[in-house]
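For reference, chains read A, B, C and D in written order, and residue numbers begin at 1 within each chain.
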Amino acid sequence: MTIRVSVQTTIFSMDAELPRLMQGGQEAGGVGAFLGVVRGGAGLRALTLEHYPGMTESMIGRIAAEAQTRFGLSGCTIIHRVGRLTVGEPIVLVLCLAAHRAAALDATAFVMDWLKTRAPFWKREEFEDGRTAWVEAREADDIAASRWARDGRPG
Amino acid sequence: MTIRVSVQTTIFSMDAELPRLMQGGQEAGGVGAFLGVVRGGAGLRALTLEHYPGMTESMIGRIAAEAQTRFGLSGCTIIHRVGRLTVGEPIVLVLCLAAHRAAALDATAFVMDWLKTRAPFWKREEFEDGRTAWVEAREADDIAASRWARDGRPG
Amino acid sequence: MEGVPVITILYFAWLRDRLGRSSESMPLPEGARCVGDVIRSLAGREGEYQAVFGTQGGVVRCAVNQEFASPEDGVRAGDEIAFFPPVTGG
Amino acid sequence: MEGVPVITILYFAWLRDRLGRSSESMPLPEGARCVGDVIRSLAGREGEYQAVFGTQGGVVRCAVNQEFASPEDGVRAGDEIAFFPPVTGG
């Protein structure tokens, strides 16, 4: 099992991450992945992502470990960028290596839902007219995360 | 909407595919992805993938179009390799671009389930002792695909 | 050649291995109207054909002009008919 | 300094913007045993603190020593207590 967690300002490469992830073992049949990008529209120019150094890495590490246990992953990579990111730029990459595709893709959804609700990141929007605003948490994200909490744990 | 379908012997690059996919629009917030690799174990050395040229591309194109309609995708890339592939090598790449992560990941699962049951590929296994055997279809794949057929269509 | 009712048949995976060929052209069998008629004609041949299309015919899948087809689906001169095992891609 | 009961407080996102600082060290408020006691102490300050921890306190989230915490959770000298809005990463 290889777990890799990184919070960074720099861009990442999916191709570069794969060999490291795949050290997780020959028994793996597939990688589920999600790449989040800055969604444009409504005059948005960029996002600035702030985080809580230390707590972020520890929460993401726990989310990865939980996904590994729950879905039997052979590897999990979670990279989250911080700083200023313009529309279209990648924000987050999740890679989950598993024996079969269902586990790999379910684990990816699980990690994303928990990242949205349990990892201490905050986004500030910057619009073309110069206005800025902190993004408010979406109730939909809490609902998405709660579907995994069948064991009654809040997170 | 950008749809890209390729059946090829050569390796592919996720990084190289992303810019093409992302032409699908600024409104996209994420890419769901699945990368299938040759799973090792039981003395397996390699797979040889055969397909039905012409029909393969047309079936994959339809699967992509169906995913686009059903999940409101902004882009869909499906690359499937053929020929001889050793353990650990990538076989298939699916990328689904959508406004939100749930649609992107659900569409990815949908495409994979249909690829497994509706695209005319056949795998022959090659073992370390020189033995070869055609892979038999898995009932689990038919079951996985059937979960999407709520509209009564067989595929 | 105009007017000669010919069909093209393709074989994939273990069907090709066992039959020793990947394709053939043949006249549309006398009176054949559907895929099932073609299968029965092939099963009437000697050797591996009989085994593949008779005994083991239950697992053979078919496409007509690159669309999945059933034994009841019609065939006409000029059609490309493919026989293969259940697919195992992805 | 041994024996002086000090806590470190961190502010993130719009809390930091409005309070004009990202962190501070302060003595553990007299008699404070839980996060809620610290919040009440901060709400008792003038200006933005009152608005952030009083009026709008319902949306403020908290962590103690980098673990999510509730107002009922205990605090001790040396703790790192962070206040922030609901998270919006991913």
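Simple rule for what comes next: a contact is a pair of C-beta atoms (placed from the backbone, for glycine too) under 8 Å apart; a residue touches a chain by one contact, two chains touch by 3 or more.
By chain, UniProt protein names: A, B = Molybdopterin synthase catalytic subunit.
This one's a predicted model, so the numbers in the text were calculated from it and none came from an experiment.
**Student:** Any idea how many Å lie between the Cα centroids of chain A and chain C?
**Tutor:** 49
**Student:** Hey, how far is the Cα centre of chain A from the one of chain D, in Å?
**Tutor:** Centre-to-centre distance between chain A and chain D: 27 Å.
**Student:** So, what's the distance in Å between the C-alpha centres of chain D and chain C?
**Tutor:** Distance between chain centres, rounded to whole Å: 75 Å.
**Student:** Could you pull out the residues of chain D that touch at least 2 other chains?
**Tutor:** Correct list: 90.
**Student:** Pull out every residue in chain B that's touching 2 or more other chains.
**Tutor:** Within chain B, the residues that touch at least two other chains are 36, 101, 112.
**Student:** Tell me the shape of the graph of touching chains, choosing from line, ring, star, complete and other.
**Tutor:** Drawn as a graph, the chains make an open path, so a line.
**Student:** For this entry, which pairs of chains touch?
**Tutor:** Contacting pairs: A-B, A-D, B-C.
**Student:** Could you list, by residue number, the parts of chain B that touch chain C in their complex?
**Tutor:** 36, 49-52, 54-55, 58, 80, 91-92, 112, 115-124, 134-138, 141, 155
**Student:** In their complex, what parts of chain C are in touch with chain B?
**Tutor:** Touch list, chain C to chain B: 10, 12-14, 17, 63, 66-68, 82, 84-90.
**Student:** Report the residues of chain A in contact with chain B in the complex, numbered from low to high.
**Tutor:** These residues of chain A touch chain B: 13-15, 18, 22, 26-37, 39-41, 87-88, 99, 101-102, 104-105, 108-109, 112, 144.
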